[in-house]
Amino acid sequence: MILKNQKESQISEDIQIKNVDVYYNDNHAIKNVTMNIKSKCVTALIGPSGCGKTTLLRSINRMNDEIVGCRTTGAIIWNNVNILGKEIDPVPLRRKIGMVFQKPNPFPKSIYDNIAYGSRIHGIRGGKKLDIIVEKSLKNAALWEEVGDRLEESAMSLSGGQQQRLCIARTLSIEPKVILMDEPCSALDPIATAKIEDLIDNLKKNYTVIIVTHNMQQAARVSDYTGFFYLGELIEYGDTEQIFENPKMELTENYMTGRFG
Amino acid sequence: MKIVKKIFKKADEENPFYMKFNFREKIIVFLLFVSASAAIAISIAIIYTLAEGSFSFFTNPLVNFLEFLTGVKWIPSGNNPSFGILPLLSGTVLIAGGALLVGAPLGLAAAVFLSEFAGYKLRSIVKPIIEILAGIPSIVYGFFALMFISPILREYFNANYFNAASAIVVIAIMILPIVISISDDAMKAVPNHLRETSLALGATKWETATKVVLPAASSGIIASVLLGLARAIGETMVVVLAAGSIANLTLNPFEETMTMSAYIAKVATGDIPPGIAVSAGFAVGLVLFIITYFINTIAARVVIQIKTGSRVKKTRKSKQKNILIISIIEKILDFINSISNLFKRVKNKLGYLRNNIRKSKSLTLKRRYLNQRIGITLISGSIICVSIFLIILIVNIIFSGIDGISSSFLTSFPSRFSSKAGILPVIMGSIYLMLITLIFAAPLGIGAAIYLNEFAKDTHYTRFLRRIIQNLAGVPSIVFGLMGLTIFVRIFNFGPSLLSGGLTLTIMVLPIIVVTTEEALRAIPYSFREASLGVGSTRWQTVRHHVLPNATPGILTGIILALSRAIGETAPLLFIAAVFAKTIPSTIFDGFLALPTQIFYWTTQPQVEFHTLAASTIIILLIILLAMNTIAIIIRQRAQARRDW
Amino acid sequence: MIDEKNKKIVKTNVLIVACITMGAVVLSGCVGQNESKPELIQTGSSTVLPLAIAWAEEFDDADISVSGGGSSHGINALLNGDADLGDASRLLKGSDYEKIGCDPNLVKEDGTASGTCNGVQPIKWIVAYDVLVVVVNNDNDWASELNYSQLYEIFTDDNPAIYWDDVTGLNDTAPHEEIEIYAPDEASGTYDYFFEEIIPNWGKDNQQANSRLDLGDGVYHPSADDNVILNAIRDNQYAIGYFGFAYYKENPTLVKPVWIAEDGNKYEEPSLNNVANYPIARPLHIYTNGIPKNDNIINDYLSYILSEEGQDIVPEVGYVRLSLVNENLITDQLSKLQ
């Protein structure tokens, strides 16, 4: 594997997924997946609908805990800690591993309050500190110019693309190390999509980004590494260029050439 | 007909996209509009009933309008009557306000627990129990307040024999089912992905529940609180028994006092010959009507504010309405608006100070979990409180009445001999009443809600309609009784029959159905409708196939609440239902007996055996309610389980 | 797919509702009511109500449905044609006529009317008497006998007594404790009757005094429910009140009845048999539309009420039979029905 963006030894910041299985009651959704997500890179998870990409993504920030009947086995090591361990409290974990959902879902509050929510929960009550955080997050999400002068307005009055960037800003406001994105552009128009893809490119300077996407071209544009999933199994994982131009598995090639999915 | 066909044919040939005259759709929309406007007709009837009496009151030389509004003595009888409404007003504020202050937070807390923290099994047990609470007739509460609560208050708090506090406590418990049920539905309707997103930001469950779900559900919650307040204001029986029958200007809950509704009930059902004391009752009713209208208007604005989290924009069009009252309302609202904005700014400034003065230590995780634990303890405590009261009440009733229940009790007719007396015609009468009420109220109420929410444009008229309907919820039940008598018994000439009784109850429960149905409809995401319209469905098809089926749980909650209310209310039937008969009604034009009026009658008899009979009848009433609720809840829970959005 | 399931649910519901309705209908059919007797509607005073129920129950020749709602409602219903019999514990007044838009001057002082209203000619029938009993707490040994002027001092606003030993004649025997009154509110016929007895010219413009309730000094605690009043007096040592005899009759050990003298010292026991002497007793009325003719079932009903059989029931319910008050009442009214 050719490593892009070779960084200093930050091996411990990688997310090492080891033999992870996820069951929804009797449904074996994720089958024995092992992969190493490089830190400060963008990793894309692709594959046809229902292949488990979102499930895997959600296991990284323990969102699957909220689903009744969902069982996860295996280990995900990050910073020398097994995230899946019973002794790990998901609440502080999720501050470090943020998530952006498929459908933009701002809270029915003002723009300011949406961004401030995370910080307020973690103890920053108000005042200048909060203002700075809000401004910084909105700038990092490339939304400040558009809404900076109307922070008191309801978030619901923004367009779809703006709302999604708002959600990204909201996630950024709590200063995570990892950002999980579940098909963030699928509900957006091409222009908004382009803006977000630019954003992702910027984000990888400071964050580890894992993005689930239906859109192969997007994966090709945006990611450094790509993992191809099919029916709960990780079929192939590697350098994006290699996966797209020179897939090793036949299944991967069939998917790329559009024979199915 | 041929010409019409020709016109259509031409349209088809020329351009397939011409707007077709969809007859069916237009009729349905029209019918819905009529249902909604029925509320106007009802309100006009009520206002007419009240205005007529008020007119003769205010034109009486003994009455001074200014003194009426500002006077502090209400002594309507005797040589030197005084008609200052303030004591009655204070009584209503004290009792209804007190009940709301106790009941709304308690109910909300219980609802948060039910909706966000309770397991599936616990929820399926507790929610039906809450709805049974809704059906316990107020007369039972009244007696319970007097016999159980008052002595405790006298013992430990040195209260009077009659005191407002026992009424407050009991009315608070009475409004709990409304607040809990509707708030719970409102919170359950908040889309799951909002909760997920909050959790994904590292919030605890408690923080998610209080900072995300509650605000998102605010319109439903406020609707529930308003309905609760309306119930508290319109309550007559409990107050009459426990709080006292004398107008007393006080805000001390341990003194005796009388509310506006109680006064109306007193003069309507008493022996005072028609005269100034009686017409004063109508004037009081009118004041009550106006007050509830104000409250509803203000609350509507508050909902918008909370929901969108932003200041209400001044979107008033340049053409000013010249009506004085509306501009007064607007001024008051602006005032309230600016005060709340002031609060917000102060809070923000305090935030600045806080961060500057001491090193803001972030809320540690430990602290947050502590908050969560405290929070959960508090709210589960409230559920326990509610349950304990319910258990005491039910156990009390069962002990008093269980001996009286036998097959002969259920199949005999009432009698002056307590040993012979039975409630067969009473049960039948109530069941028939329920059916009639259901047949009229459900389509009318749901239709009105559908019209308002799905078809009507947001005009002044529709906002006015909505306000009028909400207002009806606050009318004292005795006024419905008077109205039913005047309109259905006399003007329509249905006589004191099942039909008159059913129609009167329909009008009384209509606002409950409309408000809860509207909330249920509002909870359906707009995307559902968009998807349907996107494939070319008409509005009505969208509603029928996509919105209504998903709104069924909430609509059913509303219907359950409404029917529970209807089956237990005495006042509306006081002038229509009989308390003795030898036959069962065979047509809807026959006279009838009903459970609440029978209970009320037997409770006020001197013989203790009749009190026992009353208790036995209450047990039967509760069993019927349980049956009704169970059926509806099974339907509702199946619908809710299927929900995957 | 939702539609399919929904249809199923709707069908189940309809089935359930249909079952209940059918069950109800079947049940009602089972309890045979195949004879069609003439039906009468009787409504009004809650005081007369238990009597009305008793009579309606015993009278087999008609199906009488009985309800309460108050004397005003009873009279109003009669005048509007909604009811055949209007029960009233008070007399018909001019304002009853006025309310419907008829001439109030047609109504005389004795509760009869010289002209019709709305086509209805109200005829007054006296059917029983109600003894009004003044009660005190069981531990009250100083006020077991009171006369009208003492009642006047306690219950009116004319120089009212605050403490029990303020009352004339009780200055030495009564304790220096505040008087508490628990009694019916002004919407009750009992209230009206009580004060008519102790306040001269009550109800007229030159009424001598107002009731203690109208004074508003907080001593008179009114209630709409006599059971409640009973319990209040039972629990309060310095309480005094009044209500209809029926409530005392059912609970004779809970409170103590006061012997009353209209004037002077002739204290009379409040009891159903002593009604000829006991001063505070009031008539109970039923109003009908005109004097029912012989072939009218109402005629039979009234005849029954005034008969020996019908009057036997009266003391069972807790009221006073007419013969104990005045034998002529029965014969005079019965003769009108002949």
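Just so it is clear, A, B and C label the chains in written order, and each chain counts residues from 1 on its own.
One rule holds in what follows: a contact is a pair of C-beta atoms (placed from the backbone, for glycine too) under 8 Å apart; a residue touches a chain by one contact, two chains touch by 3 or more.
This structure is a prediction, so every number in the text was calculated from the model and none was measured.
Arrangement of the chains shown, judged by which pairs touch: a linear chain-to-chain path with two open ends.
The chain pair B-C and the chain pair A-B differ in C-beta contact count, and the higher one is B-C. Of all chains, the one whose mean C-alpha position sits at the greatest distance from that of chain A is C.
Averaged C-alpha coordinates put the centre of chain A at 79 Å from the centre of chain C. Work out the mean CA point of chain B and of chain C, and you get 34 Å between them. Spacing of chain A relative to chain B, judged by their CA centroids, is 46 angstrom.
Within the complex formed with chain C, the residues of chain B that make contact are 73, 75-81, 146, 160-162, 240-241, 244-246, 248, 256, 266-275, 277-278, 411, 414-416, 424, 428, 431-432, 435, 489-490, 495-496, 545, 549-550, 552, 574-584, 586, 591, 597, 601, 603-608, 631, 635, 638-639, 642. Here chain A touches chain B in the complex through residues 61, 63, 66, 89-95, 98-99, 101, 103, 105, 107-110, 113, 117-118, 120-130, 152-156, 167, 170-171, 174, going by the rule given at the top. By the touch rule above, chain B contacts chain A in their complex via residues 191, 193-194, 196-204, 207, 211-212, 215-216, 307-311, 347-348, 350-356, 360-365, 368.
On the chain C side of its complex with chain B, the touching residues are 2-3, 5-6, 9, 12-13, 16-17, 20-21, 24, 27-28, 31, 33, 39, 41, 43, 45-46, 49-50, 52-54, 56-57, 63-73, 76, 80, 82, 88-90, 93, 95-96, 98-99, 182, 185-189, 192, 205, 207, 210-211, 213-214, 216, 218, 220-228, 230-232, 235-236, 246-247, 249-251, 316-318.
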